[in-house]
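Look for chain A in each of the two complexes below; its partner is chain B in the first and chain C in the second.
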Partner chain A sequence: MATLDAATLTVRFSAVGHGPRHWWRDYVSMLRWHLASLRMWLMTLLAVQILSGVGFVLGISLFFRHIPVSAALYVSTGVPVINILMVGLIFGPQLVANQKSAGSYEYLRTLPVSRTVTAAAWSTVCLVSGIPAMVVSLVVAQLRYDLPLHISPMIVPAVLLISLAGTMMGYALGHAVGNPMAIQLVTQLLTFVVFGFAPVLFPLSQMPGWLATLNWWFPFRHMAVMTRAALTSTGGSTVSTAYIVVGVWVVASAAVAGWVLGRRR
Partner chain B sequence: MIAVVEPRNRLVRPRDVLRSGLSYWLSSLAAMLRFDWCRMRQWAGMMVAFQTMMGAGMVLIYGFFYPSITATRALYIATGAPTLALIPLGFVMVPSGVIMEKLEGTFDYIWSMPAPRSAQAVSTFALYTVLALPGAVLALLVAVWRYGVHLSISPVLLPAVLLCAFMSITVGNGMALAIKNPMVTNVVVNALVFVVLLFSPIAYPASQLPGWFAAVHRVLPFESMATVMRAGLTSGLATQVGTSFLVVGAWAVAGCAATAWVVGRRR
Partner chain C sequence: MTDTADPATGASDSLEGVASDGGWTFRVDGLVKRFGALAANDGITLRVEPGEVYGLLGPNGAGKSTLVKQTIGLLKPTAGRITLGRFDLVADPDAARQLCSYLPQAQMPVDAFHLREAIELAGRIRGGDMAQVRRRAGELIDSLDLGEWRNTLGTRLSGGVKRLVGFCMATVSPGHLVILDEPTNDVDPLRRRLLWEEIRALGAGGCAVLLVTHNVLEAEKAVDRLALITSGRLVAEGTPSSLKASDRTRMRLQVMLTPGVETPALPAWSSSEVRVGNNLVTTIAETDAPAGIAWAAGLIDGGVAEEYALGAATLEDAYIRLTSDMPVDGRDGDA
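Our next item is the complex of A and B:
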């Protein structure tokens, strides 16, 4: 009679692998995990992103009898920022809030995957889901307003950094704030701020001075500067400052998220 | 001597008071008002804050979008504030409330109460209409302070604001009741907010819209809401006020009808 060896029943503790090969394998599994768990949402999210982006680009012209080119240019080069930020900054924390309410949050934390892998996979999802809406919004804007756009290669680092910043800020928010209701509230407030109280869709000079100064400390103003510079082929010292400020936000948010996720509870 | 209790008196009998008639309806309404107010009390502050934030916030944001703000433009934006505060209450908070009630079972519980359903509906409408007013006023005050406009308030304002609040609440309620699936209601609500905030001539004149789109807005309630409110706040800025009152009134009737249709059916 075959006896059952107890040793075969135990799972080896070294399941969390190290080294680039393991990292890559885990990264692919987590990516598949995210895509599979979002499969119903992803299409809806994409549609909402495209509709809201195009809606903003077209809707702004109704505010004016004859829309000035500069106003159209500001909106058209600001909407991509919102498109890229939306999933990582707004939808991400809401997803975490839902997971916290539903209990799957604890489960996800028990997976034998390192935190950096999870973060990298989620950043990829956020980046990929923002780009189609950004492209469609820009094409519609170009068709509607015939804008003087000159797209430079700097759009690549700009989009990468903005997406990473949005994802990391959302990550920090979702994981550091315990109460799901509070997360929902903060994300709704953030939507309001990004659309209206940060100079993303309109020039800085059109808001009160103190609000413009306050916005220097937040990343949204700088994200708009980065995108606008890449889409209209302008440059200057403000652009490099923008990259630095947004970079600092990435590091700070990642640090907060890492600290929260690394704690034992 | 021991009193003999007649067995007949120990039976629980149905109450022989008539559960109909005006006095029963009125006492039901009073009871439902107390019940609804007790439920709503904890949210009332948040509702006013949310409305003020939406109304005043949107008015400030609209201002940022313009390179220069002329006196007429400022007047349009400022007088759009109360409308922008009323719409989120009626078209977002009321349907969300109904969705929550459906999910939590409160909805069925209320229907099981021995109060006429018409009294239940009237109580909801009345309470929300009263609760809608502080937020609208606060939003208007913020707008007036920000843009420094001079308003000339006329007596038309009172019926205008009451009708607008009532209309948005009845339509929001009727919509949430008529659509069975809460997910669909949620999508409709979000789409509505987007359309209203971006594509409705509330903070700017309808003459800026393309012809076909302006025609659509003559049927939808949003432009008419803004017009009747503007008629109460300014003199000479709003035109076709009578028609606008009719449009808002018609939507209020439609909202009531939708509510009555759902509430009146047996399940």
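Our next item is the complex of A and C:
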């Protein structure tokens, strides 16, 4: 029989709470949990991310015999959005859907860590798993098209904010939608929207007016503005607006996720 | 954090853990949980002391898991209180998650982890010290005879072994209250015995254990006290012996019917009959034992039954008697 020294193994009354010291230790534990739980998928996920990013960059050369540098630059500076966004926005909610289907969702909700810890640990995983694909895609784009890239330090906040927005939106979606099948369907729809109907890889001017107006309210167009500005060292009021709109999506998504996770029927 | 000001629990920072947190008690007072018109819990009151293994028995849909989910913060009560020491677990679900560890009835997320890794990570997330968690994880693995799968990935483990891993994850750094919802499901008989020993050890270590089970016969040996819940109400509570007290002068007559035969008409002096498969169980008064034997022997002679057994009434008989107007599950003592 295992010896149980509950005096040392159990959280004492006076330690109940979520102080900063707990927060950091819990964050490290949850990060380890997420990384270990994804070990069977992480390399595949990275490979798919890299292949899809490189695929977009090289794919346009199959459509046109001669590609203007401006077009190649447009696509290549939009691809990082897809690289950074996809794990949090698409894979994240699908993972939650799987947990709901498998029945492990309830156990995970009873773990004694704060909601901010869980969200921060998952955001870290999404960020880290998106960066290699972004770097490889940009290197391939540079080698293939000899682009006039001028990467500014603003790439750091841009990547952080885009990753956080994708993760929080996915987080809210995964936890707010109860039915796992519905989550899967919504993520399929989102993939369709981001790739086909958001001006990420092509200019806004090529869209019908009503769709362009609609896209102003969604974050994807603004994310592309942010990466494009950071990779070409350009700026302007549209860039400031982009940061504000994406920031609002981060806050709104986090609020929805926090409310859903704290809700008890 | 909500402090319900229980003066008995003035824990000193210099002391640690369950034992040092004073005379705490887990209490449920007048708990009501409604889903629309349905009262899943209808005024349940109970208390579990440190060191006590407390069983929650009842048929499917009785409201056992609903009670547990309100305790751990997954559901919110319609009315009533749930407290652990000075903590109001309804008002402070964060405290509930820290003070209670939980093995749900559903599958635990172990597929992506190696067995030992899953237990140790769960222990760390539950706030356990690294060295202590590692030591106890190793001891639990040895005690439950899981050593041969120590470094095996969860996807390669059987359902029963996964269940045991789930138990280890919930109890490697146990809370003051350990909630176990059907812990023996899918577990083989030998390891089931080891598991009951570990559950008893949790109590001996100072934890309060709230055990939800259908396994009446095994629970009888493992719990200190138990409550019987039907239709959201607590209909009986006490030690296994006290619940059996009114059956003390009664005996259990078990008849193994010939496959395919109709249930024979039962004598007027028998009661609480239940048939599961070909196994017919009824209770009779001690004074009717000779008549019972003659009746069962007559069934065998007539080809209706193959064998019978007469013995002392068990907790299962009390369970069946108390829930006789309910659709009963697990009558054969299996989970």
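Definition applied: the second predicted complex is superposed on the first by the 248 of 265 C-alpha atoms of A that agree within 3 Å, B and C clash if a C-alpha of one lies under 4 Å from a C-alpha of the other, contacts with A are read in each partner's own complex, and residues count from 1 in each chain.
Note that in this section contacts are C-beta pairs under 8 Å (C-beta built on N, C-alpha and C of every residue); 3 or more make two chains touch, one makes a residue touch a chain.
Everything quoted here is computed from the prediction, not taken from an experiment.
Engineer: Just chain B (first), just chain C (second), both, or neither: which does A:F192 touch?
Structural biologist: So A:F192 only meets chain B here.
Engineer: Between chain B (first) and chain C (second), which does A:L111 come into contact with in this model arrangement: first, second, both, or neither?
Structural biologist: second
Engineer: When both complexes are superposed, which of chain B and chain C contacts more residues belonging to chain A?
Structural biologist: C
Engineer: Regarding the shared-chain residue A:R65, is it in contact with chain B (first), chain C (second), both, or neither?
Structural biologist: Touch partner of A:R65: chain B, not chain C.
Engineer: State which residues of chain A lie in both footprints, the one left by chain B and the one left by chain C.
Structural biologist: Overlap of chain B and chain C footprints on chain A: empty.
Engineer: Considering the complex alone, what residue numbers of chain C touch chain A?
Structural biologist: It is residues 1, 9, 11-13, 15-21, 24, 69, 72-76, 85-87, 93-95, 97-100, 102, 104, 106-109, 112-113, 117, 121, 124-129, 132-133, 136, 139-140, 142-143, 166, 172-176, 197-198, 201-202, 204-207 of chain C that touch chain A.
Engineer: Which stretch or stretches of chain B touch chain A in the complex?
Structural biologist: Per the touch definition, chain B meets chain A at residues 53, 57-58, 60-62, 64-67, 194, 198-199, 201, 204, 207-209, 213.
Engineer: Where on chain A does chain C make contact in their complex?
Structural biologist: Checking each residue of chain A against chain C gives 1-18, 22, 26, 29-30, 32-33, 36-40, 99, 102-104, 106-114, 264-265.
Engineer: Which positions of chain A touch chain B when the two form their complex?
Structural biologist: 52, 55-56, 59-60, 62-65, 68, 70-71, 192, 195-197, 199, 201-203, 206-207
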